[in-house]
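A, B, C and D label the chains in the order they appear, each numbered from 1.
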Amino acid sequence: MERALNSPVPLSKRFWPVFRTIAIVYVILLLGQQAGLEPGRIVREMTDNPVIIVQQLIVGLANAAIITIVALGYTMVYGIVESINFAHSSVFMLTTFVALLTMSWLVNAETKAPLWVAIVAFIPAMAAGGLINGLVERYAYRSLRKNAKIVGLIAGLGMDFVLQNIGLQIGAFGKLPNAYPNVEGIKFLKILGNQNASPKSFPAVNEFFSGPGIPVNVLEFIDPHATLRITPADLLVIITAVVLVFALNWFVKNTRSGKAMRAVAQNPAAASMMGIDVDRIINLTYVIGGALAGAAAVMFGVYNGTTSSSIGATTGLNSFTAAVLGGVGNIQGAALGAVFIGLLSSLSDQFISSRWTNAWVFMTLVLVMLIKPTGILGTEGGEKA
Amino acid sequence: MAQEVLLEAKGVTKRFGGLTAVNKVDFVIYKGMIAGLIGPNGAGKTTFFNNMTGLYTPTEGDFIFNGKPITGLKPHIIQDRGISRTFQNIRLFGQLSALENVLVGMHTRLNGTVFEAFFRPKRVIHEEKRAREKALDLLDFVGLGRDSAEMAARNLPYGFQRRLEIARALASDPKLLLLDEPTAGMNPQEKKELTELVDHLRKELGVTVLLIEHDMKVVMGISDRVSVLDHGEKIAEGLPKVVQANPKVIEAYLGTGAAAEGA
Amino acid sequence: MAILELKNVHTYYGNIHALKGINLTVEEGEVVTLIGSNGAGKTTTLRTIQGLLKPREGSIKLNGEELTKLPPHDVVKRGVSQSPEGRLVFPRMSVKENLEMGAFQRNDKDGIAADMEKVFGLFPRMKERINQRAGTLSGGEQQMLAMGRALMAKPRVLLLDEPSMGLAPILVDLIFDIIRELHHQKTTILLVEQNARIALSVADRGYVLETGEIVLSGNAKDLAHNPEVEAAYLGGKAH
Amino acid sequence: MKQKLLNNTEAIAIGFMAVLALVTGGWNTIVCAVIAGLLIGLSANQNRDGIIRAGVLGAIASIITAIMGYIFNSWVSTLPGVDNQAPDHLTAYPLILAVVIGTITSLVVAWIHSIHEEARRKQAFLIFMVVCAVIFPFFDQCPTLAWNGPISIANPTVGCTTSKALLWVNAVIVTMIFALQALGLNIVAGYAGLLDLGYVAFFAIGAYTMGFLNSDHLVAQDTFLKTQFGFWLVVWGSAAAAAFFGLLLGAPTLPLRGDYLAIVTLGFGEIIPIAAKNLAEVRIFEPISLFINQLFSKADAQSLDRMQNAEAFLKNTLCLVGCDPTRPFDFTAGTKGISPISPPVFGNILGIPKIYAFVNGDYIPWYFLALVLLAGSAFFIFRLRDSRVGRAWVSMREDELAANAMGIDIVHTKLLAFIIGAMFSGFAGAFYASYVSFIEPGSFAFDISVTVLAMVILGGTGNITGVILGAFITRVVDLVVLERLKQLINGITEKVFFSGIDNPALVQFVQSIADATAYKVMLFGLILVVMMKVRPQGLIPAETAAQKRKA
């Protein structure tokens, strides 16, 4: 003990980690300001106008709702086959087109749509998502499952490109001429615009009881003039997400197929010995994941108002980060991670720098992997026999 | 013969969640001996091995190798210190040739860096040449012959694969060689030949061997000392014959019901 | 007629010829044991019967019906269920859910409930822990759960793979008492066990497997006193 | 023993090259015939009969190729919108030459292939390949001129505009840059088994380092470094910068499970173009003073607009980089890109007079420079694979746990592979920047990572020859076949189907649906999926020792 006190070496050793942390934080602040990380400005902007924070929180929650549903697809598939489904983000992207076309067909390519149109659009979008993902699993992944993991990953990547390319080419249908061939039905395709890669507009869902939104005066104590508007899109997105998370949780916990899914995730060999058709259950997982992507697509379209063939990558990265953050394979974890990512994105858009938001999300992903690779609610995967 | 301790395990315990796979095992290996470790399936033998070689960190207890603690070190450092192993279910580098497999085993004993790989200074050329020769000798020694040197490991017959694993483990000149069920899946003739190889290897190379084995005949035939694990605990230790007659061992291996019936 | 019949079954792992022409029969209500050293092909035989591995040659018949081409879940449906080596319970599911998974191929709710009671009768400890997660059970309890789970399929042939593995002697005795009880109830069992003596003590007949081939077969009592078997698998204990 | 009329390689070779000749025609017919001959020769039996058969097959293949070339010349090239190779597209010379050279190639290759002694065979192949590589660009000159006499060889650029001539040389130079990248990725993915999906990031880092340090971009900046550092110096800087980022990204993530690495690298690949886009106006302040100023400065947020406000906050802040508010430090030139980037110069350094300077658009010297770099890299990697380090990589890929137990430090070894892979990509990026002389964030999109991965997978993971072959096939498909196919289809549709229809919208729709180049990503995606299902080891799998013996 005495020696330890007298000698200077342990002292510097004790301060080294502190010093290192300070140095790292300093460097991050130094370089981070280029990407909008200026704490002084951020704090000041927040205190100057606190209403914006609340507004951004609502935006963040709505984004989180969408991210959650996409993340569920990642997390369920990862939970059962322990491999990332790279094509998931593209399935999501394709289903936004299904949703877009359904809605514009129902309202005949007009710019406004009542709420029921959005609700109806869930059906074809979810069906399409389930179908695409199911087919991808059946024909691209299934026979590869016995190979090394990297083989499946690469095949998934390949499918991702194929689907992305299809998404891009869907845009070309917007170029179909009006008069020729003279079919009325294709009119709604005009909504796809005449540039393949450019964003396509969703009809705005703005009929909500009797007005464009409910004004809510929750912030009177800060600013008597501040009024928040909660739009139908906000409500639709958040309520759908909550309903889907609970429904999925119930499904996995209580139904025969849900239990089989859990069994396969925990031990495919044993599940097979119990008479569970492992291939079918894995396919079912993909189908459900795809259907969820379809649901998320409607939410995304209604909320953001546009889609394009390139939205898959960002949403995919956000959702995957959310899934990892919450602990891969965990439904509640995905929701928790998504709330974190959603809030981070919306606050970053407002207060840090919207151009660098993706970079901050990515930083979060790396940090999470460094600090807790298993995620917030994750369990150790190592003990699985 | 002055008996020098090579490896000592002190109260090694490994728990997985609620399951205690290895429970307070004390264990000593002297230089130059062949130590046998037996026990029924799932008794914790391989777990014990994995703790020793750094794949797991023991929950409690210590391993002392050559007078220095090695508990909790990374596997590659433990291998560098002089403990080398084979695996229960053969884990060769399938696409590499037999020769290359042995050369990988020599990794810690070679010094070539990336730059040297490109410029190939004399030192590295010599080193590689010597390494290749030594690897060929080792292949010869374990009975693969130089002809198999260029064969991809996964294309070798089963028995050769087991031998190649031993050659690979020997490549780093280990002080202690751990063999995990080296005769599993072999017929009696092959078993006999492999037993001879193990014996041979102790005599020729002076390696200390710790052997996990299922086949009583194999263990009893060559071991100087046998320890018996059951249910994660060491239940007996001593000369093969003594251990064989130990009622506890008979019970663990043959079951009480059977003992009653046999009586 | 034999309820389970294997004829000249050859199974490969990649290029490794693991089973080299297995011939084996199990009669209704009989306990047959398969003994042999590690790596002899015992588990491979069970996995082949259940359809987890596809034989390259030969036929496997259950009550005269060919099983070889069927996927594992259909084999379970036909009435072959297994308590696997290493138990492989579903660790994050409760005991009850594990047992339900055993009855996955069945639709008769009443029958399932009745069978669950039966399992609880055999393994009272399972009833005490009905809501506990299987991963937190002790080794012996997990073994009981694995056997109970296999019984929930109401199998015509029950495959037991190494039920004594890693268990303390007292638990081994308990497990084998239950196997005797099952035998008494006329359950047809194919038992794989490395503890040859205890296995032969409960079985009617036995097969000895060596590097993928059956080298000996016969009445369990005879096998137990066969000098070769004694030497190789009973510890070479001198009488 | 009944021999099949054609084996798979031969059938694919003939078919593919015939299509290629059909869509490119002209003098490209010769190249097609040579490649077909090469592949036929390589797949021949190693005996006298084999050589004869190869000769016959080679002749047939060449004739088929020539016929296709003829169809191109006489019909395809007359379609509207198809690039004609030369005014005399109907000339018979290239077609006759194609038959002769194609046949000879297959004979020679079959003969070399039949040499029994392995060392000599390899030597002969090497010599053959070097000869081909050296002759090649002179055959791909502006066709008329090349044939008309030695003038064109002496002065290759006469009369050749970049858009029409040198289709192949340009494509091959770009291909070699990609092959260089693919070789690097092969170390990461092929040897060490790490799936890196953001490989383009290192390419971009290398290119931007070159662009930054070897162009007027830096000279125009407000720094003391008002100079261009020259290609030969910066190329190492590029490699080092890429390696540094490789370390930065790999060190925290490589210890994690493999598929997480895929996602992290994917993210990194997305971030780098974002950074390139947004680092055009860099201003860095001392963080503590910035914090204090922004938080406590008296500037009134209500009265000033946001921009002015920000300036007011920054007034008393300690500024480090890009302090002049009207002229912040321009790091990447944002979306407008850096141009022109200087080409390499021999000499002109340390008092040595300028010996030779490369000129953008003069392809031949670039071609040979790229060839030397690629050959050097291949040689380097070949030696690396055959060393202690290379063995460690492959063993780790085969069985990580066993490799660890054999004394290999997994994290260290993975990191080494990752860094060296990054270095190659950075190197390639530097060369690319100097070659095209213009870089912008859009040139480093995700599809480059995909293309390079497709090259490695297609050719054969872990095999140098395979990877280079993969690079060539992929790039030729990308740069030549798809482009030509698009022209061809558009030409046909326009001429055949739309000649009587006056509806530009419909034509435009059909053309954008039938645009072959628009399906590039899908094609590479399909290559990945199909290869994984059919032949996960690639066209030329890593030679295992056993196969060496069989040969």
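Note that a residue touches a chain if its C-beta (ideal position, glycine included) is under 8 Å from a C-beta of that chain, and two chains touch if they have at least 3 such contacts.
What you see is a predicted model, and the numbers here were worked out from it, not measured in a lab.
Trainee: Provide the labels of all chains in contact with chain B and in contact with chain D.
Mentor: Common contact partners of chain B and chain D, which must touch each of the two, are absent.
Trainee: Counting C-beta pairs in contact, does A-C beat B-C or the other way around?
Mentor: More contacting C-beta pairs are found at B-C.
Trainee: State, to the nearest whole Å, the distance from the C-alpha centre of chain A to the C-alpha centre of chain C.
Mentor: 46
Trainee: Could you give the separation in Å between the centres of chain A and chain B, each centre being the mean of its C-alpha atoms?
Mentor: A distance of 49 Å separates the two centres.
Trainee: Indicate the whole-number Å distance between the mean C-alpha point of chain A and the mean C-alpha point of chain D.
Mentor: It comes to 33 Å between the two C-alpha centres.
Trainee: What are the residue numbers in chain D that touch two or more other chains?
Mentor: Counting only residues that touch two or more other chains, chain D contributes none.
Trainee: What are the residues of chain A that contact at least two other chains?
Mentor: 383
Trainee: Quick check on chain C: which residues sit in contact with 2+ other chains?
Mentor: Residues 86.
Trainee: Assign the assembly's chain-to-chain touch graph to one of these shapes: line, ring, star, complete, other.
Mentor: ring
Trainee: Taking all chains into account, which pairs touch?
Mentor: By the stated definition, chains touch in these pairs: A-C, A-D, B-C, B-D.
Trainee: Name, in rising order, each residue of chain A that touches chain D in their complex.
Mentor: Touching chain D: residues 26, 29-31, 33-35, 38-41, 43-45, 48, 83-84, 140, 143-144, 147, 149-155, 157-166, 168-169, 172-173, 175-180, 196, 313-314, 317, 320, 324, 355-356, 358-359, 362, 365-366, 369-370, 373 of chain A.
Trainee: Looking at the complex, which residues from chain D come into contact with chain A?
Mentor: Against chain A, chain D makes touches at 189, 193, 195, 197, 252-253, 256-260, 262-264, 266-268, 270-271, 274-275, 277-279, 282-287, 290-295, 301, 310, 313, 320, 446, 450, 453, 457, 503, 505-506, 508-509, 512-513, 518-522, 524-530, 532-533, 536.
Trainee: Which of the residues in chain B come into contact with chain D in the complex?
Mentor: Contacts found on chain B: 53, 55, 74-76, 79-80, 84-85, 87, 91-101, 103-105, 107-108, 110-114, 116-118, 120, 124, 128, 150-152, 155, 168-169, 172.
Trainee: Which of the residues in chain D come into contact with chain B in the complex?
Mentor: Interface residues on the chain D side: 380, 383-384, 386-392, 394-395, 398-399, 401-410, 416, 420, 462, 542, 544-549.
Trainee: Write out the stretch or stretches of chain A touching chain C in their complex.
Mentor: Of all residues in chain A, those touching chain C are 256, 259-260, 262-263, 266-267, 269-278, 383-385.
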